[in-house]
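Here chain A shows up in two complexes: once beside chain B, once beside chain C.
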Partner chain A sequence: MSKPDWGTERAARGERLAAAGSLAKGKIVDSADVTALLEAVIRPGDRVCLEGDNQKQADLLAVALAGVDRTKVFDLHMVQSGVVLPEHLDVFETGVAKRLDYAYSGPQAARIARMLFGGKIELGAVHTYLELFARYFIDLTPNVALIAAVSADRDGNLYTGPNTEDTPTVVEATAFKSGIVIAQVNAIVDKVPRVDIPGDRVNFIVEAGKPFYVEPLFTRDPGAITEMQILTAMLAIKGIYAEYGVKRLNHGIGFSTAAIELLLPTFAEKLGLKGKIATHWALNPHPTLIPAIESGWVTQIHSFGSEVGMDDYIAARSDVYFTGADGSLRSNRAFCQTAGLYACDMFIGSTLQIDLQGNSSTVTTSRIAGFGGAPNMGSDPRGRRHASAPWLKAGEEADPDSPAALRRGRKLVVQIGETFGDGNVPMFVEHLDALVLAEKLSLDLAPVMIYADDVTHIVTEEGVANLLLCRDKDEREQAVRGVAGYTDVGRGRDAKMVQRLRERGVIRRPEDLGVDPLDADRSLLAAKSIKDLVRWSGGLYAPPSKFRNW
Partner chain B sequence: MTAPFLNDPAAVSWYEASARKRVVTLLDPGSFLEFIGPEQREMSPHLGIFDLPKQFDDGMIVGHGTLRSEKIFVAAQEGRFMGGAFGEVHGAKLTGLLRAALKADIQTVLILFDTGGVRLQEANAGELAIAEIMRALLEARAAGIRVVGLVGGRAGCYGGGGLISGCCSALVVSEQGRISVSGPEVIETNKGVEEFDSKDRALVWRTMGGKNRRLIGVADAFADDTVGSFRDATLALLEQPGRFDLDTLQAEQTRLEVRLERFGHCADAAEIWTALGIEDASAIPAMAAEDFVAIADRVQEASHDAR
Partner chain C sequence: METLTFHHKTVTPAGGAKAQALVGVVASGNLEVLVERTLPPAECTVEIATTAHGFGDIWRAVVGDFVARYPAGGLRMSINDGGARPDTVALRLAQGVRLIEEDAL
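On to the complex of A and B.
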């Protein structure tokens, strides 16, 4: 019997590095030779991680990969967080790539849907961020990772800057399993400001000569916040934040949660809630949180990524944010997702559709935006073992009869929105479009963002529905209908049952919470414009041009 | 900085306020009386055809009141109803107000612009309204009435509104206010994104925004974004003599020709500001109102009160 060879992966890596030999001076490859480099080190059928998420993009490498000779490089299996740039899908049009496992596809939601219907893409699964990262270490380990950093030294040490995001996770999975790591950097320098990725994990560096693209996804213009959103924010603060004493939390993207952030130093401060709620956050650097930070509301924030224009402000507020020895933000998507899952007592976010049981989805029949991280934040972690007051209270509401010491707590998972959303489309539906899509694409699972059994509260301008207090399917349905207003779902409610649910506090109307809808006025917002945010920040916040009106 | 709760009318944000709130807080307290108020339900005869919602005042508020005890007429567009666009009823209310000013003993009419231009759903009636308003406005001015425009709302002052504003005796503008005829999207659509990128909001405001309009003499006074500031700027303008004669118009024509000659080649408003003698043109957009007013008063050209 011949002795097994346990070094085949390493040998293969050696061969790939040798194939690239003449293209690199040390680790440095000229940007004109990147496509040739990719053709040299990528093998047909490889699993490739092209770094990109809902924020930063390895855009130079994306263009280079889309330009490879498809007789040399084909049938790739792309394993990446974000399908965001046109090039991310171009590779499937040309046959360079065949199979896809991903998490988020916001800007390409319509095209990816068309390509999935057209059979251009063999879909593995749509994941959450944390789930995809987990699979990098089990069964979706990349052979080649194409990543982005701010700067590199000649040894390949990388400074990923405020937008570190996914990079450490991607590199960890690739470099330690005999894969190849190629980094595009804005500039090659003598000494990097701090080492985010040690050089021995990086095989090649390419100087892009311009900054990698970052999308300002988490900026919401206070000028666009409506009085209806302010009303829902007031209901959430009084009916949930104050009620449970939620200190540790994550906010999704959206105007309703931006309104909450801007009501903290005004409405919530008047209620005497400062220091009692919203002190510890898993959150990107939302510009709309600046007034709360400046008013002393916030103890600390860990971030998935950075936000365009916020870097100077963050560097000047190191008591609040996580920063490196160089002073700039250190973000980390995998750690922050984990923090949001296990160490936060509440997730609150918006959605496009909610069904009668409370399942929610951002999928419509022609758009597949993926999940990103919301299902990680917006789910009850069964592995949690530490107690906190809001977690215990929610657990008791859900299961009052079990002995306290054996009862699980519950994470608060809140969906907030207006009964009629953008374009007057109802948020409440009998059946999610996600089901239609799953059938059309023969998916095993409908792409549900937050499952009904994870949702604890729904907030609309009609009031707060506490699903923890519902004892059966019918009560749940009537609680959902009870806050669905004049949508078809809302008008289909059983008025008597809804009245009983209201008497039990399952549904709480604005007047039950002592909120007068006429008080929901934009003058309550701590900042009414992007310029107000700049003023609050003492001129440190530098908003991108598309958000300016001066 | 503390969180502001804005209940003091003089501290009300012009940009944030509704048309009605602007009028009521701009004039002497309690003095405003509306003509053809919403209770009379003079609504658009056209919007129903398109199954679009109508408004009881058709987005135009007209009436009279006092400003520092002087009896004046005032008109205000509601930018949140159809972008403040001119339709048949909307326009007729303003035409009527200007004509009535001739018969009543009125020296001053204020127009609080907040408009994207003519309402597409009633385009012909809207275009006719613009022409009628301009005629009525110039007849009022010829009779010695001062017509002052105030621009600082969400919709800006575009299209036919831009034309009417050009006929006014004087204009007050805030940083948020934009004055132009063609809007950013229209220019981009017709001339290409290289000519004008409508998504580059800093560019839009640098070009059409209140600060540039003040510096190149389109507007005669600059207000900070409060009703109080608009009131002060308006009162200051009204203290200057109003003239509307051949000499004035010829002087204005000459000024516009010289302006085109001086700045016509500039590719960006910041170049104009530098040419005007402003040392750090790049600091203008972020500059606080007080500092900006000092600079604008220093570099502004002679005002001929011709608009």
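On to the complex of A and C.
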């Protein structure tokens, strides 16, 4: 048996660094030389993490990678959480990249679907963020990471500012496994405001001269919230938040949950729920939560990332948000996803399709948006967990016969939405488009976002379905149909069985919850416009121009 | 434009004494309902002019549920629809009944 040749990874890293040698002054590389730098340090077939999630983007490095000579750099395996910029897919058109493992692709959902069907991309899997991060440490460790920060000093210490997001995780996995880390920064400074990434983990820095792009994904204009969304929000607050006393939670993006946030200081306060619900959050800095924060509803919030325009407000509310010594937000997607999974009692979010058992997906036949964090936070982690009142109550509802001390609790996983979505497309379907897609692409698994056995409640304008109380498949199907309104699925209900489910409290109508649909009025919203949110923030919230309509 | 008309026998006449009420707006995804107290107290008619074709079955279901749930006797309801979702239609019909029940100011 021959003796193993230890140290090959480090030697390979040394060779890559040496190849880049003449392009760098210390760690600094001129922005004109970035493409040459990438050609020098990236090898064909490398796993490359191009930082881009659903918020901040290493946009300069993305353009540089799309511009490499594809006789030198080809067949890359991209392992990145977000496919957001056009360049993220351009590399697959040209052959620079071949294989993709990712989590979210909202803005590129239609193009990524076309490219998958056309065989331009070899798909590994569509992950949750936390799952992809986990694989960075096991079998998808990047050889090269291309990341984004606000500023760097000459030693490579990085300040990521409020949008720290994925950076610490990506750098940890790459730098400590002999990989190369290249950072684009808005500016090179003498001293960074705080050290988010220590310099000895960063090999090269490039001054972009302009701020990296951030997608304002979590801003919902209160002006666009409808009466139906308000009604649905009222049902959720009375039927779930108050019912279970949910204090620790995560909200998805969407207008229904934005409506809930704006009803806390009004409708929920009148119900006497202040301090009893919605106090501790794993949540991005949603502008629509400002009125609740200002009204003293919120104890604390940990965030995955920041949100465009919220930075000054957050800095002034360090009693609520996590902030650094420099005063600005410190976000961290991996930690916040972990918090959402293990320390929250409820996830509530929207989807595009729900089937008869309660499986849901945002994938449709022409759009593959990925899932981001929803399948992680929208799941019950099952393993041993600390007890909490909502978790125990949900567990008892699901399994009333087991001895209490041996019974698992249940995390509340709530799907909320209107029975018909944009363009009158029904949210309830007999079969998910995800199944068609799986067949078309020969996938082993359909891209289901949240599995039926994790979903505990479905809320629509027609009522609340409590799936924990369903005892078999038929009951479950009728509970789903029973809140599916005038969709085909809803009109296909067994009216007698739905009535029996209602008598048992499995289905609760607005009148069962003491909610009059005619009270669902926009006057209940604590803020009715983006301008109202600015006013609530004392002028600290600075919305991006596309949301300024005054 | 498609027009649909549904006639129903009703049990309970609409409350109040107002002759007419108007709710909603004609806009994409929304609708306007003109409510007139012009029919015998045991009848309700809902007339729909809609830009969306082929949704007759859904309209029939929405109107049927509305008449069963709300006191709509004596009312003629004329809908000018801009492709509203069925749940919005149901809400506007209910709002129309409430508005005509209210005492005139």
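Details
Just so it is clear, the second predicted complex is superposed on the first by the 546 of 550 C-alpha atoms of A that agree within 3 Å, B and C clash if a C-alpha of one lies under 4 Å from a C-alpha of the other, contacts with A are read in each partner's own complex, and residues count from 1 in each chain.
Keep this in mind: a contact is a pair of C-beta atoms (placed from the backbone, for glycine too) under 8 Å apart; a residue touches a chain by one contact, two chains touch by 3 or more.
Only a predicted model underlies this, so the values are computations on that prediction, with no experimental measurement involved.
With chain A as the common reference, the superposed partners chain B and chain C clash. Touch criterion met: A:K546 reaches chain B, while chain C stays clear of it. Contact with chain B, but none with chain C, is seen for A:E294 once the two complexes are overlaid on the shared chain. Within the superposed three-chain arrangement, the count of touched residues of chain A is higher for B, of the candidates chain B and chain C.
Using the contact criterion defined above for the overlaid structures, shared-chain residue A:L50 touches neither chain B nor chain C, since it reaches no partner. Using the contact criterion defined above for the overlaid structures, shared-chain residue A:I240 touches neither chain B nor chain C, since it reaches no partner. Using the contact criterion defined above for the overlaid structures, shared-chain residue A:P265 touches chain B, although it does not reach chain C.
Looking at the shared chain after the overlay, A:N424 reaches chain C, while chain B stays out of its contact range.
In the superposition on chain A, A:M228 makes contact with chain C only, while chain B stays out of contact range.
Applying the stated touch rule to the two superposed structures, the chain B and chain C interfaces on chain A have no residue in common. Residues of chain B touching chain A in their complex: 1, 3-7, 13, 15-16, 175-176, 199-205, 209, 211, 285-286. Every residue of chain A that touches chain C in the complex is listed here, in rising order: 226-228, 231, 418-420, 424, 461-462, 485-486, 491, 517-518, 520. Within the complex formed with chain A, the residues of chain C that make contact are 52, 57-58, 61-62, 83, 85-88, 91, 94-95, 98.
Listed in rising order, the residues of chain A touching chain B in the complex are 265-266, 269, 291, 294-295, 522-524, 526, 528-529, 534-536, 539, 545-550.
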